[in-house]
Amino acid sequence: MAILVNKDSRIICQGITGRNGTFHSLACRDYGSNMVGGVTPGKKGASVEGIPVFNTVREAVRETGANVSLIFIPAAHAKDPILEAVDAGIQVIVCITEGIPPLDTASALYTVKSEGRHLIGPNTPGIISPTDRCKVGIMPGYIHKPGRVGVISRSGTLTYEVVDQLTKAGVGQSTCMGLGGDPVVGLSFVDTLKMFNEDPDTDAVVLIGEIGGSAEEQAAEYIRSDFNKPVVAYVAGRLAPPGKRMGHAGAIISGGSGAADGKIRALSDAGVHVVENLTMVGSAMSKILEAS
Amino acid sequence: MNLHEYQAKEMLATRGAPIPRGALAYDPLSALVAARKLKTDKVVLKAQVHSGGRGKAGGVKVLSMSDDIRSAAASILGRTLVTNQTGPEGKPVSCLLIEEAPIIDSEIYLGVALDRSSGMVTVMASPAGGMEIEKIAAESPDRIFTVKVNPLRGLSAFQARELAYNLSQDPNVAGQINKIINILYDIFVSYDCTLVEINPLIISGDRALALDAKVNLDDHALFRHPELEKLRDRTQEDLMELSARQDGLSYIKLGGNIGCIVNGAGLAMATLDLISLHGGSPANFLDVGGGASEQVVSDAMSILLDDPRVKVVFINIFGGILRCDVLANGVIKAIRHRGLQLPVVARIEGTNIAAGLELFRESGLPVEIIPTLDEAARIVVQKAQTLASKAS
Amino acid sequence: MNLHEYQAKEMLATRGAPIPRGALAYDPLSALVAARKLKTDKVVLKAQVHSGGRGKAGGVKVLSMSDDIRSAAASILGRTLVTNQTGPEGKPVSCLLIEEAPIIDSEIYLGVALDRSSGMVTVMASPAGGMEIEKIAAESPDRIFTVKVNPLRGLSAFQARELAYNLSQDPNVAGQINKIINILYDIFVSYDCTLVEINPLIISGDRALALDAKVNLDDHALFRHPELEKLRDRTQEDLMELSARQDGLSYIKLGGNIGCIVNGAGLAMATLDLISLHGGSPANFLDVGGGASEQVVSDAMSILLDDPRVKVVFINIFGGILRCDVLANGVIKAIRHRGLQLPVVARIEGTNIAAGLELFRESGLPVEIIPTLDEAARIVVQKAQTLASKAS
Amino acid sequence: MAILVNKDSRIICQGITGRNGTFHSLACRDYGSNMVGGVTPGKKGASVEGIPVFNTVREAVRETGANVSLIFIPAAHAKDPILEAVDAGIQVIVCITEGIPPLDTASALYTVKSEGRHLIGPNTPGIISPTDRCKVGIMPGYIHKPGRVGVISRSGTLTYEVVDQLTKAGVGQSTCMGLGGDPVVGLSFVDTLKMFNEDPDTDAVVLIGEIGGSAEEQAAEYIRSDFNKPVVAYVAGRLAPPGKRMGHAGAIISGGSGAADGKIRALSDAGVHVVENLTMVGSAMSKILEAS
């Protein structure tokens, strides 16, 4: 099995008739994901190469039994679809959209949390569980390999880089996910580490952090006290100057907090194997697995 | 986007928060005139730049009316202020705020920010104003009072009141602080800010007064507030970063000589780290984004080719949505258009890799393709070092 | 407080909801002029009264331009319209709304109200418009779609959209309905309404149009909307009820001859029930409220003494906050001031009962004090029947 | 014992320095209630005949361990103190204020419920548990008598009337409370019936309903299915004309719903002993208790 998404996931795409929505819905289906429907208001009855389109999420859930949603809606309007998914009963919401005003995300997230649902992102490449052939996101599926290592990251391409290394080193993945590069995102390192901790099919975790915020420090705290599987980590952004957003809205060192050094120290102190050279992440994990 | 102190104060005053009397001056003579108009003994001249730490850098002067205000103004205006926050290039001072200098009985800190871990807007208040909140947090965390605001409910009246009574037991003063907290919160949420701060809010006699103020806006929400665009001061921003942003690129100038093009913010940061690990020094951070078009890649490439500091270009792409063939076409287009004076080292991987490699091969351009990232970084650093030592 | 149809429609139109073209007329000639100005074949004249059921009562007339519009207008204007909702006294018609009569392809119901059990504002929509929502609920409950609105979150865009697509699969029409639902909700919450309703919203060709509209405001929140006071039409309200309310009293006129003064709404209702149980008929509901002052009690008493229909006055007080001595003083004051023509029966109980009884005894006024409520009610009914039979 | 308030209740009054706040705080204390403090912003350090005054509820709770609050704040500003009480950890909030705009009540109530607290009112006389000598409200304390019958009502004086009858008939009360006369109130008949059902010290319940809404119908539904103690009920307002607010903002028959007849029928059908003549409520309960 895997965490959050698996072969039982019934996935819809909100914004399916848009360019990205169509392209990635089909790419997910091609990978093996169970894409049961899509939502675009006013396009009910249409079909995206066989995937039925509905006017509302509620309707889509009623007709298809969907429990996971992949959102491609422009940033200015992305808050409402998240709420719509929650109200319609969707359990896992993957929001790809980049550049959502943080107060919109914060407001939607409050509802997501109080209803006990899971939001991945926004500004995430999504989530993939290779063994279950379930991909809900925009990552290139072919670089993944079924296996027993979890990957969590705040970055998209950096995740691909690491997954590629793992796969080339013969290390398969249970679930790989991007938490999103925004200042406020749904699931955190801690939330997902807890899930990996419980997942009998995950043996170890790669954690890819970056500057900004304190998610890595919180992860370190949790790993130290409760996590019982090996963790390899890499933290990007040691060269980042303070006060600048390094591409991600969330990757900013502000007021002296959020710098890479503190995160690396916290993770090391918690017993995490922190790799300085990005290109060594795959081999580091490979060695740890061989040793155990 | 950041605002100037005077702009932040105008926002506060418009909503009813008290600020010192003052005026702007763009030349020494009007600074003197403005100071005289205040009809007060002591005035303060404050350089309007997008940076804290102005005082230590000589950007703030407290003067009595018998001092030579004109010379003092002249000594700040027109110069470039280098503070502990501006970086070595500093910020140009083209505008002074001339204000009365009220008597300070005590200094309070008030700030509003979005707490990332809870996802809640947080109002912070401390009776230890006048120093940076991070310093207060480090030195006397028990003197910071915070309330987290439920995003659906907004700031409740009692929350602002609680904070106010934590800062003052005098109902009159607490009442004024209470009102100002509500104003800060309103500004924060109605303009989608990243930070709204009054530091210090001074108590002068029975009156609270915002002596310094800061309003930083979230770029991702500026589309909702087009009226704020006119507050932008382009002299305070890096023009290359600004124009790159308009092209949909994320560009940040750094001090080195290796020009980098990467897709994805995380990979871009990691690329800088890797260059540094191998002893090199990047000239920039440049993220073309996940779904860049051929034109965007070409624009990004041109930015590097135009930068005289750049000795070598490093292209590091892991194609996901961005296909390697699109990347190749963009790079080739830019090189053909500009002509190539610099060595280019590329590591490309991911979607449509074969087509991308073929395009580079067909182009006949001297782009060196290195298959592994670590190796590519090592070679780039080597080349940069060789070229730099030749030049010197 | 209720608004007239034309006022409700103006609110809708101001916010961008489409309404039929039309104009007001206060006399038959201007009704004719208004009708002609519409330059249409068919017009409708609608009596502007605070009541539903106007059509059946003759308050709405659809006419073609060849009909005698002036006479038709004259036959409605100035009369008192008795509908199934007005009670026998009816409502005076002083104003007509003259509108174009568009072609009706279908009729939709849209309404917003506060659901009491959940404490949530509820938006109701039905494709079975044109009849009352209660009737739709009884006859085809599956044709009513509702969304409950989280009070902190407000109406989400998707909620209005969901309702709209339940009413129409045509994206153009659904889009219009969606917009109108948002407008209704905005009016409801921004003016603290008890009901906002469009019934019917008609679809005429490709266009949605609010053919009839209702906006009722919550009296307890009117203080927040002083600008709405100018929309009050006093001719549509009972003047006695209105002036009682200004005195802080809750007064409602009923059909009988026993004047009642009670403290507390529940006890006041129960008193009416008890009178009725014993075969009597109350002239009014009058609640002096929990904490009434002597003056308020005196005002209340005066209202009854001034009412020519009242044959006997029944005072029923269970003193809680309202002390029995305060009550007694108020009653005595009013009787002394007005003079007493009517028998008064009082049952008083509760706080300071002894002092209250003593005051009545001292006053020497012919107020008959009966210690038990049931007995008191029985005696009041008896007296009223005796006096009524004498009078006839 | 009793429901909701008892001898362990530590009570504060929000608005204690106002005329009503002072008068009733002292009256509650005189009755025996444990009035531990009061709140009026800006009056910290003052004392209302020995009851200490604080600036904020949080402060009052911290200093006194209060868990119940009695609110006397003018209607236009009454929403905020309810939220303040919830945020400060108060468990039972009794809001006496009349005439609060219903949308304010609805909004505050949402927070009260989602935090799992209890709101009595607004527009309520409050709650009293005679055996525990605990009164949190404005009712005349002296008419009550310790005993084993619960009284719940939507009306103030009508409750006094009924309690007076019970006491005179020798029937004591466990807890008596007014739910409030507004369209939207906190605790409902069903909520409180559930508590009485669990309360070993309550043998029977008097339920006083009135026109408007459907609280009585819901109570009937609950009583029919789950309530296992005898209930005597009275419903006020059979003569009320439709569309008129009968004193209480909530007592209005609108659109054909909320009339007394339907409520009486529903209660009777659920096995409740419905009394037609208000003055017979006490004796009816007395007879039922004797029979059992």
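By letter and in written order, the chains are A, B, C and D; residue numbering begins at 1 in each of them.
One rule holds in what follows: contacts are C-beta pairs under 8 Å (C-beta built on N, C-alpha and C of every residue); 3 or more make two chains touch, one makes a residue touch a chain.
Being a predicted model, the structure only gives us computed values, none of them experimental.
> Given the touch definition stated above, what is the smallest step count connecting subunit A to subunit C?
1
> Could you compare the number of C-beta pairs in contact for B-D with that for A-B and name the larger?
Answer to which pair has more contacts is A-B.
> Could you give the separation in Å between the centres of subunit B and subunit D, each centre being the mean of its C-alpha atoms?
56
> Just curious, how far off is subunit D from subunit A if you go by their C-alpha centres, in Å?
49
> From the mean C-alpha coordinate of subunit A to that of subunit B, what's the distance rounded to whole Å?
28
> Measure off the straight-line distance from the CA centroid of subunit B to the CA centroid of subunit C, and report it in whole Å.
59
> In subunit D, which residues are in touch with two or more of the other chains?
Within subunit D, residues 111 contact more than one other chain.
> In subunit B, what residues contact two or more other chains?
Within subunit B, the residues that touch at least two other chains are 150, 152-153.
> Thinking of each chain as a vertex joined to the chains it touches, would you call that graph a line, ring, star, complete, or other?
other
> If we count contacts the way the header does, which residues on subunit D are in touch with subunit C in the complex?
20, 75-76, 98-107, 109-111, 125, 138-140, 143, 153-161, 164, 181, 183-184, 188, 208, 210-215, 218, 234, 236-251, 255-257, 276-280
> Where on subunit D does subunit B make contact in their complex?
Subunit D residues touching subunit B: 41-44, 55-59, 77, 80-81, 83-84, 87, 111.
> Would you mind writing out the residues of subunit C in touch with subunit B in their complex?
150, 152-153
> How about subunit C: which of its residues touch subunit A in the complex?
Residues of subunit C touching subunit A: 153, 156-159, 161-162, 165, 169, 171, 174-175.
> Which bits of subunit C are touching subunit D when the two form their complex?
Within the complex, subunit C contacts subunit D at residues 85, 87, 114, 116-117, 119-121, 132-134, 150-152, 189, 192, 194, 218-221, 223-224, 250, 252, 254, 262-270, 272-274, 276-277, 282, 285, 287, 289-291, 318-321, 349-351, 372-374, 377.
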